[in-house]
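Two complexes are shown next, each including chain A; its partner changes from chain B in the first to chain C in the second.
Right, the complex of A and B next:
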């Protein structure tokens, strides 16, 4: 039988974890905020006791195939095994319960982790500088094409086209279009690599960049 | 740890099977100039317990919210996270599942996305929510792109009450020339209605505002939306999901797109990441929606199942004609939101919002009684965050408060050099009366001699 939805499991007045009692004098939302800005009734979120919530998500979880169960030979992005230690380290309170705007001298551990990672990735990539700010591979591409545009614009002409191999991930043409460039597609040869002859014919003074496969800019 | 624990004998069997003489021969098709010669100049690997030791040292070099009373907010908040969120999120079945392209082996992930979307719609008062975005900032940028595409206009008016970092991201997305951004000024912390009316024109695609805004102020979403609609523009709200348990959702103000940062719903602060954005719209815009969407359907035997739907909008099918370049969602963090909302439920979320509101007002009231200290935005209604105007540099008070194990707030000089004495202060349900009284004591002591406090600008430089 399929797992019910949260809405179907909800029973009015069931409650999850409770908060400690309010330890300051209660003024009431109606006194602190304009009445017309309040939503009245609480949002109709599920009302389910914790054990039932846990069972619901455990029941759903076992419907998934996942890499800890067996390999998953699919993907334009690949799913690799991650050592269990990684999660354990990332969940240390000293690395997890910290605010991004706390003073730098009280964040030296977090900054050291980021710096070490950058130093390693620079060696592995063979590049002199790095940012790990983008949130996903597709956003890395966006960052790269925006940087390309800024580079050319600073030299007086942002140019018009970006060359994308037909073997590139769908994000490549989509990103190029989002940054306002025309996509010029070059075919692959019989060996599966970019047809260099075709590429040479397409490159011109209008070309702003050639996108490589998304793995060049992928999320680590 | 070895990723490929193969013995020599196993290697030989595999090589024989594929007809290669050696591992070296297997790689012969890669030209030598493209191969790394030798090994990369990296430090040698560490044993697990050595790694643990090193990370423990790093963790100790941070001031965390378990040792310090954290009054920092500005978009990232120290809210209560039930233990069951982490426990369920850590399950291999969720944490190591691949993207749900094959629905028959991804029903768990797909149903949780469907449930996530349903609860986001309930909070925002909208009809359709997607499977999530990278974060609140990029959700705002994508909402701007949706509105400019839908209206065929190219100006987005962004309230200065929207997080300064969000505004930078929106400008970065706009820098490709796809739209123009103009700032909507604030009047005592709220988006100025008069200023908005002056700036509206037939070129304006959208008005983007925050609820509550960066300074904690509750905006009049109905008035902003009405003005935007009168000019034929979209009304886009960037909303705080905890506030939406108590405040009128922007959907009921008539907003066309409601986005926001989902971190307050069960995601640790994590020094700012990973985050998760939500994105909700009216049904009529569903074909313009960026990102993924999970839908319920029935299989051949009539049983309920879940799938990714309307994928013809997406980049892997439509390439350069896609609605956006986004090809994933922030799956695990969206799942944290889902479990968190399921656990806390209607009453729990209402309690979190109400306690945050009460505690922020308790602290604001007491702090404003300290001689020389006032509320920068006067008596404007606020939710769980407010701006204190101090009798000296805010960074000086930060240093004084740290000595009492208090992270006192975010100095607004970080974003605006003209506001050296303004401090953005947040209080969640986790802050205790004792912590807040300690805060006020520290403030009163510092305020007596504010000029003598050490001012270390470097501590707050971004």
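Right, the complex of A and C next:
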């Protein structure tokens, strides 16, 4: 049976919690707001008891599949269970209330969190420099290819081509194209890995970078 | 591969990973992503500005980066995800992270071993954390990878990735991850083997699927071609009913 909307579940006078009587003088909206800001009739808000509201949202929560319901073996996506503790930490009031425009002297704790994660990730990746600015994978690809162009341009020749395996994620060739490079596709061999012979034939002085899928890695 | 191998020692100049999913921000609802790009020393000057620096006991953003490609995102990335990721790596520790990788690899190989007689693996031998099966044999019975994926939904499980990578005919790409128990892996394998049997005995049942879900089989392309993003769009579509 389809889940009804809150408006369809509404029954007149079926209220949720009762508000305590006012212990201060009542001020009508007409005394607090200019006349043109007052609505002509009461808003048509749904009137539903609290348990019915809870059931409504619990029912909605199980209509879609999610990792808290069952296995989610979507290849190339790592749809694993993430510990709730980590969500709780991210919701700590001190971390929730900070603002990125706050002065650095008042953000030292947050910066320490970023710094410490950078140190962990540099060890995990075996690489000395890092950014966590990109919003996600495709933007990391874009960042990497823009950096590739900047690196080569500074050496006098931005080059023309980026080599992408035919098994790559679709964002790889689109990123390459977006930065203005030509996509050169190399086929996979029978073992599913890049055909090394074909790769050697394609690499030339025009090659700006070689990319590897789908955990995206590249070599200039 | 976290904790077992790393792209730096393989000679890569750039390597990207996600904070979402791998490093503990749940994904699947279109929520925030977080990208990590690591580079070798010679490429560091080109990183997006600002770059976080440590100066004594203080941290500061360095904006003086004349060779930087500039910003790619407002402010400093998605901070909530950075907190989750730090909590995740610190609570597991170095050995725990390596164990996560080993279990992800063992789980994938266990599922591959259970399924390889009914579905043709794209490649023989051991896999890493995921593997690809071809449903070419099922296709010969008139049932495609898409039908198999829809039928899995009737078992209360999410389908594998289908038709990726493009180089494998009728691809089913399966990544069980480290967070499933053996019972859960077995239930998934049993479901796929049951569906394989159905492709021989009652293929129409698979092609009609899903029948146990809130919505049945949807038009694969319509949502991308006919956008209904607001209630006004919906009213226009259903005629203001």
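Definition applied: the second predicted complex is superposed on the first by the 153 of 220 C-alpha atoms of A that agree within 3 Å, B and C clash if a C-alpha of one lies under 4 Å from a C-alpha of the other, contacts with A are read in each partner's own complex, and residues count from 1 in each chain.
Note that in this section contacts are C-beta pairs under 8 Å (C-beta built on N, C-alpha and C of every residue); 3 or more make two chains touch, one makes a residue touch a chain.
Please read all numbers here as calculations on a predicted model, not as lab measurements.
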| item | value |
| --- | --- |
| Which superposed partner A:196 touches (first chain B, second chain C, both, neither) | neither |
| Contacts of A:14 with chain B and chain C, given as first, second, both or neither | first |
| Chain B versus chain C as contact partner of A:94, first or second or both or neither | first |
| Contacts of A:167 with chain B and chain C, given as first, second, both or neither | second |
| Touching partner for A:127 - first (chain B), second (chain C), both, neither | second |
| Touched partner set for A:48, first chain B, second chain C, both or neither | first |
| Superposed model, chain A: greater residue contact from chain B or chain C | B |
| Partner chain(s) touched by A:104 [first = chain B, second = chain C, both, neither] | both |
| Residues on chain A lying within both footprints (that of chain B and that of chain C) | 2, 63, 65-67, 69, 72, 74-77, 79-83, 85, 87, 89, 92, 95, 98, 100, 104, 108, 110, 112-113, 120, 123-124, 135-137, 139, 141-142, 146, 150 |
| Chain C contact footprint on chain A (complex, rising order) | 2, 63, 65-67, 69-83, 85-87, 89-90, 92, 95, 98, 100, 104, 108, 110-118, 120-137, 139-144, 146-148, 150-151, 154, 166-167, 188, 191-192, 209, 212-213, 215-220 |
| Residue numbers on chain A that touch chain B, as the complex places them | 2-3, 5-7, 10, 13-19, 22-27, 29, 32-34, 36-39, 42-48, 50, 53-54, 56-58, 60-69, 72, 74-77, 79-83, 85, 87-89, 91-110, 112-113, 120, 123-124, 135-139, 141-142, 146, 149-150, 169-171, 173-180, 183 |
| Contact set on chain C toward chain A in their complex | 2-3, 6-9, 11-22, 24-29, 32-44, 46-48, 51-52, 54, 58-61, 67, 69, 71-91, 94, 97, 104, 111, 122-123, 129-132, 153, 156-161, 164-167, 172-180, 184-185, 187-188, 214 |
